[in-house]
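There are two complexes below, and they share chain A, which is joined by chain B in the first and by chain C in the second.
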Partner chain A sequence: MSFTTAFHKELLEQRRTRRFMIAIVVLVLFGMTSPLLAKMTPQIITMIPGGEAFSMLIPTPTINDAVAQYIKNITQFGVLLALVFGMGAVAVEKDKGTAAMTLSKPMTRWSFLLAKFAAMSVTFIIAVLVAAIACYYYTFFLFGELAIGAWLVLNGLVTLYLLLYAAITLFYSTLTRTQYVAIGLSFGTLILLGILGSLPGIGANFPDALISNASLIMMGETPKNWSGLWVSLGLIFLSLAGAWLVFRKQEL
Partner chain B sequence: MSDLTILTKYLPLLIPIALLQFGLLVAALVDLMKRENTKGLPKWGWILVIVFVNLFGPIIYFIFGRDE
Partner chain C sequence: MNAIKIEGLVKTYGSVRALDGLNLEVRSGSVFGFLGPNGAGKTTTLRILAGLALPNAGNASVSGIALSNTTPAPYARTGYLPEEPAFYPWMTPREYLDYVGRIFKIGSKERSARVDELLDVVGLKEVSKRHIGGFSRGMRQRLGIAQALVNHPEVLLLDEPVSALDPAGRKEVLELIEELGKECTVLMSSHILADVERVCDTVGIINKGKLITQAIKAELMEKYAIPALELVAGNGMAQQISEWKERIERMTSVSGVSIEGYTFRIAVKDVHSAQRELMQDAIRQNAHFERLEIVKPSLEDIFMQLVNGVEEKK
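Right, the complex of A and B next:
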């Protein structure tokens, strides 16, 4: 059983467990609602009893507000999906014995792990792509045209950010037999990386810098520090390599 | 601008969102009805979650409620 066969099996599983559909629906919904929420915030506030007093203080929403809302929603809920999809990827298969059954066929453990990550990557790439198209259309209708090149770069960076957490959760899922331990550890890592990313001076070297760079690009600026990108790619590689090192000697 | 004017203006943008949410809800209910066993909650509990927890109810069901 080669990588290709394992990959097809994983893609089928993504479809049958409805993960593919969930990722697309959730991210597309946020892609649609983000510009709409940005546009309607002043109206929503005036509808709240007593909100009329604040409506004068709220500046007129701009295209940047729509993009900021999109980035915030897509990263928050996308990371949550990456954690939930990745938590049981290996842990559940070990617990139920299906990993042992699959690996009794001629397939390397590396292919087994890589196929899981590749299938999750396909799901997130397609989901972000569809969400980006939906958000582009809604933003165009409500605010005006977005710079298409910058929009593509932004979504590429967002996808990479989500894949980083998918890889980290896959690593923890390999480490443990319980999916809830895996998601707990991933959540801890998410908080830790978030804290490190907010530290003055060194913060720009951590994965959260991908998102701040994406925002800068959308505003027409050129980010100077790209170390967050290399650190993220490095962490994806380390997570996958770490998962393989643990998994190759693991008793199933 | 009155509430009705705002609603009329943004209706073409709100319809796809409402349809997507409704489609997800129906898909979750159909999946639940076809299933003999569920995880975490009994069937009636999942029906309440799917119908009353806006947007996230069907998603929570698909991720945690289906007995594979």
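Right, the complex of A and C next:
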């Protein structure tokens, strides 16, 4: 009950502060334009003065280029949104005093935190879903049919990747009283996980492997190593549990 | 029966001891004025009672239910108004009160009626559909009072409830607090002693994290019934007022001085000695005054006597 009340308020906040709309517009825009950009890249290059010389070198764009462009855009801008949406989630409420107003009433701190993550999840799930439909339509129109099953798995993995950074930022937002410190720490973690994910041998065990696996699935291959998925799920759990452990004793 | 009981409460922030073994008992059904200078520990006490902070030592209970010493958690039948209530700027007052009603698990029909009632009581009905972000501090304070009342609290904790209000708003809210005193126990901190004197039936004075005294207001006024003097400085004395005040404070028969405009309010240990000292000083310093008279002591006089440690000397 306490969670339902908090969740209802968080969803209303996502709508009123236009975060919901911003997430949909940004992700749909990049979802829609990714296949377009892939298709038009050779033409764009020939339009640049002197670019005709390179046009012969550029291979004809394929459906895989469209998918690769989509993954790149949606993860980059999606992670940015996750960091921006999550950074003030708790820090600003603590700083302004709204958290104290709510938590001086019988609202559990766990519900307060979980509702924030759940509302962000709803926003990202819907935004990625709409972006995926838009991208599918344009890709179908420009390149041909995508395997629907693989496309759904790819978008599921992309959503999980975004939710991981939403959870990490929520943890830092709980830890600090300033949203800028929270986004700084989240950005540092993003870089660290990116570096770890690019290390040969162990890289496949980190969250960036979600994206590599998504690409493999779209190319019709079966990924062998799924530890990146378990590590991501584990990090989401740890971030939320850590946030609660910190927040439950925090003075407001 | 006590609505609030505090025993040996200690709260430290680094090297600062905000509460230093505070003991306090608030009788059920009373309107308790919690007084103290800035930094005395009033807000810290209220935050602990509201479940927002943890004490380092000691116990506190509200309506017989002990507050947690390990995890901050509020008591469900408490209403709390912080000194500067904060709201979601994108919400309307109606939405906020409805949200609070949901937290208290009040059914939809009852909640809607309660929200209407409270908006009416605090005079926000006409702006009930406007976003709180555009509200003045006074309007936010009124909404803060409304949100503290949603659950028909048994105990109401008010931290400086009228500090942001204009005189008319202050009068209305003080009357409301007086009314609430018939339904629940009110613990109200304030630095405006006249407000406390007006609405509270019991007074507790805290200084440096310790309770100096606690008594029924009438008993307190009687106990410290030493009259005060009021001296009105004459025209042309504006430049010398602060210097004059310092001289009066140094007088052996004086225990405290406050100034409002040209009027000195002087708490004294002995009226006749103080009168004599004041007259002699005026002649010596060529300071002229329009009036010097004996007045009944106010809560402010008693507060100053106690905070200045005169009680111990007596």
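Going forward, the second predicted complex is superposed on the first by the 251 of 252 C-alpha atoms of A that agree within 3 Å, B and C clash if a C-alpha of one lies under 4 Å from a C-alpha of the other, contacts with A are read in each partner's own complex, and residues count from 1 in each chain.
Following the convention adopted for this analysis, contacts are C-beta pairs under 8 Å (C-beta built on N, C-alpha and C of every residue); 3 or more make two chains touch, one makes a residue touch a chain.
Note that the structure is a prediction, hence the values are computed from the model and not measured.
When the two complexes are overlaid on their common chain A, residue A:Ser227 makes contact with neither chain B nor chain C. In the superposition on chain A, A:His8 contacts chain C only, with no contact to chain B.
Set against each other, chain B and chain C touch different numbers of residues in chain A, with C touching more.
Legend: residue contacts after superposition of the two complexes on their common chain; A:Val25 is shown touching chain B, with no touch to chain C. In the superposition on chain A, A:Thr98 makes contact with chain C only, not with chain B.
When the shared chain is aligned, chain C comes close enough to touch A:Pro106, but chain B does not. Contact with both chain B and chain C is seen for A:Thr17 once the two complexes are overlaid on the shared chain. When the two structures are aligned on the shared chain, A:Ser198 is found in touch with neither chain B nor chain C. By the touch criterion stated above, A:Thr62 is placed in contact with neither chain B nor chain C. Residues 17 of chain A are contacted both by chain B in one complex and by chain C in the other. Within the complex formed with chain A, the chain B residues making contact are 1, 3, 6, 10, 13-14, 16-17, 20-21, 24, 27, 31, 55, 59, 62-63, 66, 68.
Residues of chain A touching chain C in their complex: 1-2, 5, 8-9, 12-13, 16-17, 96-98, 100-107, 248-252.
Residues of chain C touching chain A in their complex: 47, 50-54, 70-72, 74, 76, 78, 80, 82, 84-88, 90-91, 95, 99-100, 102-105, 147, 151. Taken together, the chain A residues at the contact with chain B in this complex read 17-18, 21-22, 25-26, 28-29, 32-33, 36, 40, 43, 47, 84, 138, 141-142.
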